[in-house]
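Look for subunit A in each of the two complexes below; its partner is subunit B in the first and subunit C in the second.
Presenting the complex of A and B:
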């Protein structure tokens, strides 16, 4: 099974969509590598994009923990993202209208606590009701949070936003001065177009490491949770809440846990964004962030953590890739192009692969139980593959 | 006590003067009966007699307007369904519930109650205990699937099996929750005769092993053969209760079914 020990067998073990995604990813990485080496893509900007992709992946993970696992319809992704971003910005920035200048770790904790409180406030009244009420309430919540941020100048600086945010590693030993102490590098791959790696590159590299840590830990945690009995109850609730109740599951409590977990992950994405962008404004709370996250989750396959990761990367590729379209002499403003492309992607996915590109394809049972539980039998193919994707096998 | 109710020494479920109305309609009208431990009690009645409403009231899905429900001597009136389940009462549904995206054995594993792995914290704090209980549950699930002779379905998608097989899986899963009393809502509705017979054998076998059953069924032959005693419900209240033969020859029961109303 191990990828390193036996790559051929590992490849044969993949389902067709998995191979397809793997192929496209490898091709895309080669393309990016080419662009980097020829100097078409600046390495610092590239790392910024990787950071952004990580951030969208986190947002998608958060939404997946709510919608993909449990079927909770949350339209306030941007609000929880914004709470995370503003929470850490207001605690750490010099220009913060309230107590600023704290260590970014304090900002992280405060942001997560505020997100937790907000999730409880919105969850307590709505999670006992049918799924639609959470959707409605969360739509309202997103607008309320955005307008509060825009209008409460004493708290948030209003439309001016918060500037002077330090890097996440400010005050850490070694890492806080790492970018300055690293030497500037000059690489010449193709004569005439040298690649210069300066302080900003090392800063960006640190950010990428940070988001990889955040996203990696989140991914591993969600993966374990998803294939656990806990995740199984959530999936039961998603399919049929009454059945879960009849079998003695306190569905309200499970839904609350799933909602809080997802909201905290979204806030974590916001915290990272603050220290990536070093500026946050009310515009960051625009509903478009919510819909990007939804598109990412639906595109990747609801309920699939890998799918959410894939979806997040596709979103950033579309969002940022369209900036380069002008280079190829297409005289169209990239902004509307972006929405058009995302619209086309969603229509295509819904038409040809409604379960998403990488839906959960394997049985989800606590792995060591299957290994040691007296059964060596594994399903021939994924659950959803057999059910819906008749043409895939 | 309602007329015709038998004296019950050891009742695992006791319903007393239960009432529920929707608007002006009294769906459950002062219903009183009890289920003796170790029996298979049938609950019959013409369409609209309020059987399903009664099930929903007992299992906590509806809140009664009045009256009490006792499970194992504990008053569970007005409790949430999961709390009622914790007291040992599990129910199934009339239409089989599909668990999309799960295999049969995954769907089975939802059954066991109080799994340590259902606590998010324990997943990370004590993964060993989670593994252990998951292995035990998986073994239990496969044993029960074997008992039900559907172990060949274990890794099939839970949505890809026939309606009758779903009913079997549902019964098997309910057994994993180790109920003291199991409420079955029309266990053989829409099930072919072969599977129906299999279900009947299974219910009888489980009953012999100590599970008490209360079942709603429209298939008279099935219920008369399996259940004793039989409670007859009409217009929301208990009309009579007795042995299958006694109920079959009761004029009031015949009248209720034929809808004479005179």
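Presenting the complex of A and C:
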């Protein structure tokens, strides 16, 4: 809107951390673009990374709906992510030990239903607990889920994992054959190092579009939910649960709704991951996945969906950047390096900026409710007119 | 193996869990947060002992099948774990301006840093102390008990440490101050107790015991950078079962949880022998009570305790 009309004013309107994040993001994009054009970074791999970033952003949105909105310390992110991934993989893969071979849309629905059941199973006992007990209990139950996935070979193939997963668009009218029918392109930006865009590129492009759709819809839905009366109750619970109860709200029920909403989003991230990675194994349920999502959320700013998006990108940079470092610069095993960076980011954020880099500020409020909120445009119906029954049209 | 055999194994494993759970419980009650870095403090103790033992060697004689050098390594492991914990408290936790949930999240970051440093230095493979593993004690084998002298040493050392802690808590000035602070930190402060100093001593004791537990865990199983983190939830289960903040509860909880995880194969034998018939219930129980799910059973017990008796089996904090 105003960004296109008046970029300078829009920039001046940003807070300092916002400018800082914007600057770093633009610089990073330019760096990636340069790497793409010179051929240092394969376009297919680049799109895979974008898909992965979208997936982490989705995972962080899910956690944000629980921790950021309601203040639930859920350490079982990996369980929901893994259940989503396994649910969809077991339904669609050819090598699936049960059923298998269904349309990926069936897989999506089944994964979400199973995640819903798991959310009820974990949520009903634990959501009444004190915050720190909830953290320990949910981590314990996530380990139980991981152990079940690892040991019930008849159901999940055990430690071997599930292979032979089709693309998400298998069985769709046009999109299923889209990658094959698209012509291979050969771009020469710098003479001598052409960029070849083949079938795998188009597949990766479809995946990116898919995750953008998932993440976009989730983002808009969460923003709407967060600003709604429902979201206000959640925020009240987060800051003072006794107050919310004194106001006559059934906090347990609200916490459960927010827990289920977040869990379904995490499972959605898992479904996408299945069709991006085309392999799932018990390692995907490792607690580290949980803490990746946590780092993304607390780094971005608890309760802030923009922040979660930013955090997701940082996570992918750490995940894949350590691999790159290992190959080209410092020969340190990427696994502990990743762990070290994640640990340092957690400690640094808690030490220097506990509210996160992009804490929720104006995104919690209807734009029109801000007095002189920078934007000159007046919406057709702001919250005041609606609520106060103002206007005499 | 007989029941006695399982019980003996359970006793050895329990000693390790007890050492870990006392420290976690102390820190939980006095520093007032769930310290997720506690398991990795154990790992630090274990790897320090590994390095020390490799450097000093056996030093001549041996007690209970363990060379003198190993006991020196144990002491160094305890000391380094304590120093690292105090350093972390001074550098990281103390300057933080966050609530107990913030501290909990920070401690996860600390846990990752500890583990990453160890993994970068030693690799992620399993290692062992350079001590020859012993044959089980001959005289006990007829009873179905297969424990080595090393296992006896683990239990004996744990008993000595726990008894020492008991004396410290009950009969010394520091112990009284610690109990006062666990009970009511504000009251302790206005009574003139230097709470910061007591907190530091809590870290020394808690991390020191964790370091000892880590060394014994390395002797009992193997060493790997994940050993502590993998044990952390079991220790949490023990602390919660015993009642958070109660040191004696943590001992009891550690003992019970250690026993339960080691007795799981025995329970599965019992289930098979039970006259439940061939119904689905029997199949379900047989499938779930197996060695693979030993940890899962402990975690489920933990959640159940949190739900029905959040103060643990010991009731109100009896520190």
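Assume the second predicted complex is superposed on the first by the 355 of 393 C-alpha atoms of A that agree within 3 Å, B and C clash if a C-alpha of one lies under 4 Å from a C-alpha of the other, contacts with A are read in each partner's own complex, and residues count from 1 in each chain.
Note that a contact is a pair of C-beta atoms (placed from the backbone, for glycine too) under 8 Å apart; a residue touches a chain by one contact, two chains touch by 3 or more.
It should be emphasised that the depicted structure is a prediction, and the values quoted were computed from it without experimental measurement.
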item: Partner chain(s) touched by A:354 [first = subunit B, second = subunit C, both, neither]; value: second
item: Subunit B versus subunit C as contact partner of A:160, first or second or both or neither; value: neither
item: First (subunit B), second (subunit C), both or neither touched by A:251; value: first
item: Touched partner set for A:14, first subunit B, second subunit C, both or neither; value: neither
item: Which superposed partner A:217 touches (first subunit B, second subunit C, both, neither); value: neither
item: Subunit B versus subunit C as contact partner of A:303, first or second or both or neither; value: first
item: Contact residues of subunit A, present in both the subunit B and the subunit C interface; value: none
item: Subunit C to subunit A touching residues, read off their complex; value: 33-34, 92, 95-98, 100-102, 104-106, 108-113, 115-117, 119-120, 123-124, 225, 233, 236-237, 240, 290, 292-293, 295-296, 299-300, 302-303, 306-307, 310
item: Interface residues, subunit B side, partner subunit A - complex; value: 59-61, 80-82, 85-86, 90-93, 97-103, 105-106, 109-111, 113, 115-120, 123-124, 130-131, 134-135, 137-139, 142, 154-155, 157, 159-160, 173-174, 177
item: Subunit C partner contacts - residues on subunit A that touch it in the complex; value: 73, 125-126, 128-133, 135-137, 139-141, 143-144, 147-148, 150-151, 291, 294, 298, 332-333, 335-340, 342-347, 350-351, 354
item: Partner subunit B, residues of subunit A touching it in the complex; value: 221, 224-225, 228-230, 232-233, 235-236, 238-240, 242-251, 257, 261, 303, 359-360, 363-366, 368-370, 372-375, 377-380, 383-384, 386-387
